[in-house]
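Shared between the two complexes below is chain A, which has chain B as its partner in the first and chain C in the second.
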Partner chain A sequence: MSDEFEVEFIEREERSARFVVRGLTPAIANGIRRAMITDVPTLSIDTVRFVENSSVMFDEMIGLRLGLVPLTTPLDDFEVGDDVTLALDVEGPATAYSGDIETSDELVQPADENIPIIELKEGQRLEFEADAVLETGKSHAKHQGGVAVGYRHLQKVEVVGDAGEFDEEEPNILRGVVETEEGELVATDEFGNDLTNRYPGKEVEVTDVPGAFVFHVETDGSFTADELLLRAIDSIDARAAELEDAVAV
Partner chain B sequence: MELRVIDKTDEELRIEVAGEDHTFMNVLKGALLETESVVAATYDMNPEQSGGQTDPVLTIKTDGTDPLDALGDAAGLVQTQMGTLRDAYESAAGA
Partner chain C sequence: MMIPVRCFTCGNVVAEHWEEFKARAREGDEDPAEVLDELGVERACCRRMMVSHKDLVDVVAPYQ
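Let's turn to the complex of A and B:
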């Protein structure tokens, strides 16, 4: 295998990306996918000290909900095991939102401000102090930075002729990203996932492109999709370096 | 990452790689199979069946080169691959 990889973006946003990588082996593609899910750590609330909880939910249930609130995670400033203190104080009637959480570190904020924690009625109050800890998705799913990470084969669509004049028009559904004969990469939702919309009256042939993988990466907001992928690559790289050192002794 | 050699001859090696799972082992196996001196390579997670053994066991057979050297080469290859992949992604992201 050549060590030449080629990356091409189809969509690229802050929290999600879709791109094609050529020259990958299935082993590397899957290694990176798995590393993005389990090996890139994020901050998540792990310990809560309740001052007052007169809401309708038990402390434990609130604790679970808090753990699922994504927090922005500056990975350069923290190491696995480090923690950050957060606090919240909301009095009813009001809804306590993730945006009400106060933080002791400017860099660590709730990634979304509009996640409801609990609705408080007249006279109910929620006050607590919490520690968020940096851990990997391996230890608990709340620490997964990548929430929708996967890949498919890139498929090539070729027009091989005209469809039979009296053939029944049947939809030809395909999902993912296709490569046209001109080498253009097209996401299938651009033509309603139906090849007969793009090639009406044509007979087409669909084949997998060897070694080309279409990744779809989406993060929970802890960091950008770029960061997630690069950190996953770093984690495999670091382990290979550690192994090489260990063997060399 | 802790390594425990189970068996070693001039051309064969069985080694336990503590604390790793499919994420790294499969990438490593892929790289081993691309290494010229390696004739055969596989790994076995075999968790419950082997009486509580949960760490993967890597088996390498070479053409006569020291299998530890082959393992070192493969680890180097993984680093090269990750390096080129990082560069490829960064240049595409920067463009």
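Let's turn to the complex of A and C:
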């Protein structure tokens, strides 16, 4: 493994990113993936005190739905274990949305505002106070900041000759990101995930590029995809330093 | 009963898009596949959450 990693973004949006990292071993790549899922903490509702719930759902069912609502998490201002109080009061006929939740801290808001929590009919009312706590994905899946985080090998596509004139035209499906002979990185959905669309009438060979991994990262809105990745790497770094200290003679 | 907040399989928040999907594809006459593409619900696991859902609050409400 080299000392320097080379990172190249293919897509970079607020909540999702796709990038190639070179100079990794599979162990490190998987370590980063696991750190993104379990080691980066997010705020999530943990305790709910119901004042009134006359809706068609039980308290527990509403508690479960509330736990799954992503909350924006300013990680610089909170430590694991800190909590924030939230409240909601909606009277029917109306639908209680995640956007109706009021928070005691301006930095903590529901990341999505149109999540229906419960539809209330005439005379029904939902009022509660809740505590959101900062925890890691290890304690509960609702605290996972990363959604569908994964990686695959970068594949190189090389033209090795022409396809036989009377060969049957079969689709050659490939997903993710490929490297062309010129060293250009192309997302496969640009050509319908089918290599025969990009190289018609050619015979191509696909090989894995050693030490290069294509990551796909999405977050639930608690923080940006960039922050998720950086925090995950920080956590690996911190644990490596801790191990080094522990075994130092 | 209500649309699940997140996709069972991948954990992506799907409830955010439910009301628009319902208005356009269920009550409207747009193609559900196109609406889901526009809403950014890409994966098959998230799409089945929307396509196979039925709101039951109206059915249960009288028995409260």
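Rule of thumb we're sticking to: the second predicted complex is superposed on the first by the 248 of 249 C-alpha atoms of A that agree within 3 Å, B and C clash if a C-alpha of one lies under 4 Å from a C-alpha of the other, contacts with A are read in each partner's own complex, and residues count from 1 in each chain.
Note that in this section contacts are C-beta pairs under 8 Å (C-beta built on N, C-alpha and C of every residue); 3 or more make two chains touch, one makes a residue touch a chain.
Model, not experiment: these values are computed from the prediction.
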**Q.** chain C versus chain B on the shared chain A, clash or fit after superposition
**A.** fit
Q: Have a look at where A:162 lands relative to chain B and chain C in the superposition and call it first, second, both or neither.
A: neither
Q. Where does A:148 make contact in the superposed view: on chain B (first), on chain C (second), on both, or on neither?
A. second
(Q) Once chain A of both complexes is superposed, is A:190 in touch with chain B (first), chain C (second), both, or neither? (A) neither
Q) Taking the superposition as given, does A:244 touch the first partner, chain B, the second, chain C, both, or neither? A) first
Q. How wide is the angle at the Cα centre of chain A, looking out to the Cα centres of chain B and chain C, in steps of 10 degrees?
A. 150
Q. More residues of chain A in touch with chain C or with chain B?
A. B
Q) Of the two partner chains, chain B (first) and chain C (second), which one does A:77 touch, if any: first, second, both, or neither? A) neither
Q.
Contact-wise, after the overlay, does A:118 reach chain B, chain C, both or neither (first, second, both, neither)?
A. second
Q. Which of the two partners, first being chain B and second being chain C, lies in contact with A:220: first, second, both, or neither?
A. second
Q: Report, in whole Å, the shortest distance between any C-alpha atom of chain B and any C-alpha atom of chain C after the two complexes are superposed.
A: 20
Q) So which bits of chain A does chain B touch that chain C touches too? A) none
Q) What residues of chain B sit close enough to touch chain A in their complex? A) 1, 3, 17, 20-24, 26-30, 34, 68-69, 71-72, 75-76, 78-86, 88-93
Q: Within their complex, state which residues of chain A touch chain B.
A: 1, 3-9, 12, 19, 21, 24-25, 27-28, 30-32, 34-35, 38-39, 226, 229-230, 233-234, 236-237, 239-244, 246-248
Q.
Looking at the complex, which residues from chain A come into contact with chain C?
A. 54, 56-57, 61, 65, 68-70, 111-112, 114-119, 121, 124, 141, 144, 147-148, 218, 220-221
(Q) Give the list of chain C residues in touch with chain A in this complex. (A) 1-3, 5-6, 10-13, 15-20, 43, 55, 57, 60-61, 64
